[in-house]
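Dumping the structure here so I can ask a few things about it.
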Amino acid sequence: MCRWAAYIGQPCYLEDVVTRPDHSLIQQSIQATECKTATNADGFGVAWYNTRPEPGLYRDTYPAWSDPNLRSLTAQVQSGLFLAHVRASTGTATSRNNCHPFSVGRWSFMHNGQVGGFDTFRRRADMLIPDQLYHERKGATDSEILFLLGLVEGLDDDPKGAMEIAVGVLQRMSRDKGHTPHMRVGAAFSDGETLYAIRYASDDRAPTVYHRWSKSRGGRAVVSEPLAANEADWHAVPPGSFCTFKADQVRIEPFRPLA
Amino acid sequence: MCRWAAYIGQPCYLEDVVTRPDHSLIQQSIQATECKTATNADGFGVAWYNTRPEPGLYRDTYPAWSDPNLRSLTAQVQSGLFLAHVRASTGTATSRNNCHPFSVGRWSFMHNGQVGGFDTFRRRADMLIPDQLYHERKGATDSEILFLLGLVEGLDDDPKGAMEIAVGVLQRMSRDKGHTPHMRVGAAFSDGETLYAIRYASDDRAPTVYHRWSKSRGGRAVVSEPLAANEADWHAVPPGSFCTFKADQVRIEPFRPLA
Amino acid sequence: MCRWAAYIGQPCYLEDVVTRPDHSLIQQSIQATECKTATNADGFGVAWYNTRPEPGLYRDTYPAWSDPNLRSLTAQVQSGLFLAHVRASTGTATSRNNCHPFSVGRWSFMHNGQVGGFDTFRRRADMLIPDQLYHERKGATDSEILFLLGLVEGLDDDPKGAMEIAVGVLQRMSRDKGHTPHMRVGAAFSDGETLYAIRYASDDRAPTVYHRWSKSRGGRAVVSEPLAANEADWHAVPPGSFCTFKADQVRIEPFRPLA
Amino acid sequence: MCRWAAYIGQPCYLEDVVTRPDHSLIQQSIQATECKTATNADGFGVAWYNTRPEPGLYRDTYPAWSDPNLRSLTAQVQSGLFLAHVRASTGTATSRNNCHPFSVGRWSFMHNGQVGGFDTFRRRADMLIPDQLYHERKGATDSEILFLLGLVEGLDDDPKGAMEIAVGVLQRMSRDKGHTPHMRVGAAFSDGETLYAIRYASDDRAPTVYHRWSKSRGGRAVVSEPLAANEADWHAVPPGSFCTFKADQVRIEPFRPLA
């Protein structure tokens, strides 16, 4: 079970979301309170947008809490749109290429969840990626496939529609060849302008997604788990939702994967 | 709080002690049951004796459970005397040089515990190491100092006496310049022929040390915490003890650090 | 351009071949004398056979010359059959999963060379790996594909025949979709009993392969480049050869990839 | 022999100096043209100043050229004052703690050179660091000692004077206990406002230091070796110099270490 946090709004230091809250992502990586795996120590990553259209990307396989480079980076870099992730492997090898977020062009993507039995049909899933995008298939995770399929299906033009196909195709493969739970997705992704999130599952245990507007900061945090115990105003996203966040706007729509 | 396991006896695969028991060191590194820190993911190490007088040494800063090299090494290498350690840093930077076991010549050494306030008198502790041994001071931990002081004080000739001085000197420094708890030691070390262990604390919370003879394996495990939940015959070493293990012999003597 | 060395014969310390000769693999990784890339610092690996049917595997992305774990491992472990490799990436990301040797079951495999334009048809090459072996496709290199295709085509029953198909299939793909040089192979691989090597290219620049019997050691080194400048008796394997080494026996046959 | 580059002026992307010039630091790390060691692959680091008084710090032990995190960081981060370093170890272990630049408070420091015989008097050099700064002694290099001694001797108030003492004290120790060459220094350091450099040696082979004003960029590069082959206007700093760079101002004074 992974943990992630994203932010959109007035530029702030990454550490204000990633490191410093009392239940920050780093703290969660040491001991998560709502999850089955007690530790998230199989790697971490952060993608941030700044003056370039493409995000910066820093990923490594160390435990996030012991990495001085991460601490320094999050203390120095300010951004108005960023994604951060800590990973607990569900079996795939620990490798930088398997750390979230993934990034292709201006898009970044991170994911908490699973595609049931993915290992048994990974080859077929790989085959869905066309030649011209296949060089972006760098690791072996279901998460990266989900992202690449989204790109193939038109993330640029219709993010919700593209991900409904991507999630639907993999969910169908899991039903054909895999096992339950066929699909669980708590995902966040961005093109550098808008922040998107998905909460969905084929059963009744969709990974949680919360969001919260900070008036003092002038921005919104979107997270897999609330960042501070004493903040009452975290909004839980209902299962089966596609979220679009633009600074102070929130749109939450039904998310219905291709059957 | 660190975890460690050592073995002396008929050669066996390292994995029989390090990886495979249901409460093996690797399992303990994921979730420890008797300790205050829930995870031990700041590095690991193993020292093993074979045909050379000097031990082999494999240490890294990854979480032990996700390192395929460690898994392969422990599955391949057989040894009749070895030490293994997983580390939860108490503040010192994550660096291979700070991973246990430490090794100088034919000696190897590993430690679970602390010297109260060590950071405030680290320089004075370093000063106790003479020039000719100072090139072996590679990291910044109290554990490495304890080992080097032991060497200076005659580990080769009188292991118990040397460690009583080493522990005593640092304990006194902590009383002068540091804070409580002044000294907690659960340590194991070896010259490649005999396995030694210490359980000691300046207060009443000495880190635990257990040992158990395996008839089937023809060897003894000495550990900071029992390796299997269903084994009834783990012997707890009393606080204030110095242990000498030679295959099937055990000698347990009072350990009285220099006042 | 990578460098590799293999050994079959009376057990010796890995360091006798990997580290200690004046032109050892480690020295070659610092500065190679016969190659276009001056340094080989994108990772290394060693596979060794001992009491288990499967080889031990130690691979990392550090420069080989600065890794104390490698130095210790090669000083401690003795083996009568092992493979070692230093890597200079030709573009693929630095990742443990892309380091040689690769290993599946009792087989190990390492490679110096290239498949021209592989990146443009990687997906089609991946498609040739059947589902049941696809979980072994862990990285993104042409070398790993060559090995997995060999396994698919019957490495267990007919090593030469299987590799003639594997090399032939990829060479044909390169002719269809890639660019020159279509295929260059200097490879060594083993099932733990016999050591095999291939020297082949689609043009006239096949990566070199040499072998040499050491009477004092009672074993044979098979290498991509001689290990000592002052040894006159290295035998160059002619291009288009498949070599079978069993202790003191050598068989060299024509290697003719499937057209 | 290490390589370094620093910059002060209008903010630019780190990559404009570190990665992109045809003879950039990264290129130099692959194959240096004016140095005795052919490769610089024992680690790298970058310190950059931005909105905080303290610099950001990113250091790792991978070869700089294969690190995607470094590539991304230097492509994203803009700074008007930064230091970058690639390391070829002269014997000290590869460890993040031994990578340059070092940083304490708002100061950063990097160094190319050596103190003759430092290993034989490292303990005495360590003893010169007072208790209150000793927790900043994290590695084992002569370079870090040089920096910490400078801090002790008043870097904040009189950078030139402080470094004349620091270099002088270590040079004297080398004369007493070490060997020739007693002292070679090509160093750059900064407090976040001004960039300083030293070129000095106890013999006639002081490590080179060059600087060049870029009109198009509105800033100055200060380097151990010119960054582009076709740029004619690199100024060589004479041996025995202390340089002070403030945007478009340059002051070069004699550097006379304490005798």
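Think of it as A, B, C and D in the order they're written, each chain with its own count starting at 1.
By our rule, a residue touches a chain if its C-beta (ideal position, glycine included) is under 8 Å from a C-beta of that chain, and two chains touch if they have at least 3 such contacts.
All of these numbers come straight from a predicted model, not from anything done at the bench.
J.: Moving step by step between touching chains, how few steps can get you from chain A to chain C?
T.: Contact-graph shortest path, chain A to chain C, evaluates to 1.
J.: For the interfaces A-B and B-C, which has the higher count of C-beta pairs in contact?
T.: Counting C-beta pairs in contact, B-C comes out ahead.
J.: Report the inter-centroid distance (CA atoms only) between chain B and chain C in whole Å.
T.: Centres of chain B and chain C (C-alpha means) sit 39 Å apart.
J.: Two or more other chains touching the same residue: where does that happen in chain A?
T.: 68, 93, 96
J.: Over in the complex, which chain D residues touch chain A? Could you list them?
T.: Contact set of chain D toward chain A: 48, 50-52, 54-60, 68-69, 72-73, 75-78, 96.
J.: For a test of understanding, state which residues of chain D touch chain B in their complex under the given definition.
T.: So the residues of chain D in touch with chain B come to 93, 95-97, 119-124, 126-127, 129-131, 134-135, 137-138, 140.
J.: Contact residues on chain C for chain D in the complex?
T.: 30-31, 38-39, 41-42, 61-63, 66-68, 89, 93-94
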